[in-house]
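Down below are the structures I want you to see.
The same subunit A turns up in both complexes below, where it pairs with subunit B and then with subunit C.
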Partner chain A sequence: MKTIKITLFIGLFLMSGFAGATALSSYTFESKEEEQAFRELTAKIRCLVCQNQSLADSDAELAGDLRREVYALWKEKKSEEEIAEFLVARYGDFVLYDPPLKPSTYILWFGPFLLLFIGCYVLSRTLKNKTEDKEVELTEEDQQRLKTLLKDDNDNREASK
Partner chain B sequence: MSSRTRYLAPLFIFLIMAGFLFKGLFMDPRHIPSVLINKPAPEFNLPTLHNPQKLVSTADMKGKVWLLNVWASWCAACRAEHQVLNTIAGMGIVDIIGLDYKDEEADGKRWLQQLGNPYKEVLVDKDGRVGIDFGVYGVPESFLIDSEGVIRHKFTGPLNYPDIKGVLIPKLNEIRGESK
Partner chain C sequence: MIPEIGHFALVLSMCLAIAQAIFPLIGTMNNTPSWAALARPLAWGQALFLTIALGALTYAFLVDDFSVRYVASNSNTLLPTIYKISAVWGAHEGSLLLWAFFLGTWSAAIAIFSKSLTQEVVSRVLAVMGMINTGFLSFMLFTSNPFERLFRIPAEGRDLNPLLQDIGLALHPPTLYLGYVGFSVAFGFAIAALIGGRLDASWARWSRPWTTAAWVWLTLGITIGSWWAYYELGWGGWWFWDPVENASLMPWIAGTALMHSLAVTEKRGAFRSWTLMLAILAFSLCLLGTFLVRSGVLTSVHAFAADPDRGVFILAFLIVVIGGSLALYAWRAPSIFSGGRFDLISRESFLLGNNLLLTVFTFLVLFGTLAPLIYDALEWGKISVGFPWFNKMFLMVTPFLAVLIGFGPLMRWKRTDPIQLVKKLRIAMIVSVIIGLIAFMPSISKGSLLVPLGMLLMAWIIASHITAILDRLKHKKGIGSFFTDLAGKGRSYYGMILAHLGVAMFILGATMVSHHGIEKDLRMSPGESAEISGYRFRFDGVIRTPGPNYTANQGKFTIFLGDKQVAVLEPQKRTYFAQGRPMTEAAIDWGFTRDLYVSLGEDLGGGDWSMRLYYKPFVRWVWLGGLAMALGGIICISDRRYRTKKPKKAHLAQTDAANTLVTENS
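Right, the complex of A and B next:
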């Protein structure tokens, strides 16, 4: 069983390397670091054809073309912001995996915190209600009734023995 | 909160979620709204399919309302759309300019011979660079551009007959109404 797992792992590992190699193999890089930087950059960009793949992984025609454009801009020493701007101007924010912070995306960025806040509020209220339930003060009358009830109970027990 | 509303709260939350999910069933994740609407059409200067010496640029189209149709001979959906384009051309309501996207010239010419040519001019975008400037992510796509060179509407995917009456003609009337 263990050998199967290891073989499978090695196989998948080799395949993943292969997939990456096909997407970026046509570009030349001066160093490993440079290649890594380019891969990281293209991993932040969404392929518009296969939407759950990044530009670094996709083998779609359009992804290839966009990689070519991004590579050209990158070689011109354009900053990441400038490259993102180039893509957003043509394809919209959707092309970026991380949506930018602006009024139309506030709910996306702050919505989860709002929900967390509401959740905490509801939780604290519920807990408070529960503790209040426990501390019910008994009036004089209640105390008296409790005593008689307990006494009756004891008497019954005595009788049944 | 009374005890009754407290027990109904999960039901309300569920109904709201179900509402969103139900709406999601009818939304197309492949339809990405174009950011180019009401923006100037990107600049291009491209050779035409039938005369590579002749170049057509965005500036040449100024003063005209036109429809830029992005197509390719390798695109299956374009074949169905082509009859609709022929109909629009026959009606003579708007000039259609074709953008032969990432295609072989010979294939593009054969396509037009077989299916008819609704285009006033066919431009060749061999490497897809102009397509990228227009934010094209799937073929066919069509852009309605006004006489000022501003993109007014984008059709993602093939044009169909209901689009002519439902979208194209109203949009053309709107655009032409302004310039009068």
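Right, the complex of A and C next:
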């Protein structure tokens, strides 16, 4: 039973998405810049019932309702932060494509710098090693071994033919 | 009957895969040539039976055999023939079969094109590939059998997901999978080298063309996928950092690093263990990518739990493959810093920089893709990590790569004179800075620093590569010797140049379309016009037209530039009979400097429709860049030095021996 429910749920997910993309046609904007700003804002908000689609692109009914609310807030000249706050209070961080910076997301935002730092460290260490390395000098003994190795190798090749 | 033959062939190929995993390997360990020699025939047999299995499933689709569950769920009598064929890999079970089939074909390809390799290497590489296919085939047979029958045979199938009824889907998964599976060859070579303890120049030379081939397929697969998403999903974007997209990008980045690292290992004997690590990483990410997409864990963690058998199998398989190879690596790999010395300003050090940046980038994408799953699993709350995060990380790493790329072709091994280098490149530097400054003009930059940055880097790559070509030809017999050089020894050099220019093309496309693209949501009545960037779109109304398995509302737009008619676009809104959900089919007038893109929204009554119009400048260059990279790779593979049957024996043996000594000494 649980499986059926989940399947249904995923089915709904799929159905709601990709139905078309004309989400903002019913809104009026004072200028091109304003329309662009609103589009950018809604592009960063996640549609809650779709499979990874933004509010700007989704045609799902629920997305339409949410878009109307965001539009109303936006018309009241609320800032982007205030709108984000309102959405997070209602739906959690999941609704924002740009994860907010807070203790639980420190690792997400600062982890990459740590990674970059490790990369730079490995790079500088290797370079230091390599540039200070002496060219390998072959001793008399090594030369002898090289000869035998070469001979072995050629013998092997002959044998494998 | 035919599906049973397919099923039986699948079981047989699994038996052969098990044999291939065991006997050739043991044969090379205890010196039993007859066992080692089994590798080639077993690979042949596996490829043959997997071909039969794939053929049987295709046949079941073509004759609408709905007694097969997989066919009933993914096909329909009305489905056009070409989509019946592509439906074979349209869902979970079939795409696994395609994966296994490709692994069989790559194995057979190794069996054919390995005349210059020793039996020992061939046997070990094929044994590793046999192990991988054992995993895939048993996963298929025990949890996801494509030949499973249905015992109340439905009269009609459920139809293929309409999104997938498209030429893009016919091409995208096979190319992508050829790339994924191709990296198993590089992986096989790496594991064979670890088992044998011989990590010499010949090992790198053998695996280079195979790695490049896998990379070419992966590049094509990602490019086609991006292009498909652009025109089929109706949202006008070409990359969304969706987990499914990231799953294919990660092995590509790691594979790019691997290709560059292999060059150093082949030419200089350096970075050997680093190259091995990258080979393991690239293939592990291919496996992870396949399973991330196929297990459904990305849609929601709950989809994964919905079928626990599959989930547990996948996890176990990943742990065995990745954990096993890493353990082998830890046990056998030489020290990371082996190989000859080189200067700070040398091709080695710049390639090392490229490698580290690419690896960091790989892990960033991996981290961002898995972060929501990790947060959910650890109950830290549900988060989304979307394009804003990825774009920031992308911009943190890739500009440095673009800078390094420009120096690459002019660098020499071991040591490059920095003053000479700057002298050679000064014109390229001046040109790119001028172009960057021009792009600062408000009409070009649109208030974003990224436009001048992108233009500067694009110009830098192009100018420095032209400098490199001229410099190379100067040392030959002048510019006229270009064609003889291309036909002769310089083949792979020019392949590299072309692939790098592909990066410049990509930067151009991505920068322009991101900052100069325009989109408009509109409500229009028939006869009404709207203007975008000088183009006038006249809406001529919507009519109903029938399709083979759908009916469509088809809009008509006539587009003018000034008074001249440029194009007529007919976007559709389709309703498929079997599944009844509406699908948009965008219409595009494409060009090298801009795409005009129309997608139809909803019927608002009285002949009015809602719609979205796009102006997409230079968007084609995003994919042309991908194609140039792939073509560059193909040119590299066609270099004659990979084709000589017997490589210069004395030379190879010498480097081998010298490398062995160096390894022992360090």
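Convention: the second predicted complex is superposed on the first by the 96 of 161 C-alpha atoms of A that agree within 3 Å, B and C clash if a C-alpha of one lies under 4 Å from a C-alpha of the other, contacts with A are read in each partner's own complex, and residues count from 1 in each chain.
Heads up, the rule we're going with is that contacts are C-beta pairs under 8 Å (C-beta built on N, C-alpha and C of every residue); 3 or more make two chains touch, one makes a residue touch a chain.
None of the values given here were measured: they were computed from a predicted structure.
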_Touched partner set for A:E69, first subunit B, second subunit C, both or neither_ = first
*Partner chain(s) touched by A:G111 [first = subunit B, second = subunit C, both, neither]*: second
*Determine, for the superposed model, which of the two partners subunit B and subunit C contacts more residues of subunit A.*
C
*asked:* Quick check on the superposed pair: does A:Q51 touch subunit B, subunit C, both, or neither? Answer first, second, both or neither.
replied: both
*Is A:A89 touching the first partner subunit B, the second partner subunit C, both, or neither of them?*
first
*What is the contact status of A:E61 with respect to subunit B (first) and subunit C (second): first, second, both, or neither?*
first
*Should A:S124 be classified as contacting the first partner (subunit B), the second (subunit C), both, or neither?*
neither
_Considering only the contact definition stated at the top, list the common interface residues of subunit A for subunit B and subunit C._
51, 92, 94
*Would you tell me which residues of subunit A are touching subunit B in their complex?*
48-49, 51, 61-62, 65-66, 69, 88-92, 94
_Contacting residues of subunit B [partner subunit A, same complex]_ = 29-30, 32-36, 102, 127-129, 131-138
*Show which residues of subunit A lie in contact with subunit C when the two form their complex.*
2-3, 6-7, 10, 13-15, 18-27, 35, 39, 44, 46, 51-54, 57, 59, 92-99, 104-105, 108, 111-112, 115-116, 118-120, 122-123, 126-127, 129-131, 133-136, 138, 142, 145-146, 149-150, 153-154, 157, 160
*Mind pulling up the subunit C residues that touch subunit A in the complex?*
118-119, 161, 163, 233-236, 240, 242-243, 270, 296, 299-300, 302-303, 306-307, 336-337, 340-344, 348-349, 352-353, 356-357, 359-360, 363-364, 367-368, 371, 375, 380-389, 393, 396-397, 519-523, 573, 581-584, 599-602, 610-612, 649, 653-654, 656-658, 660-662, 665-666
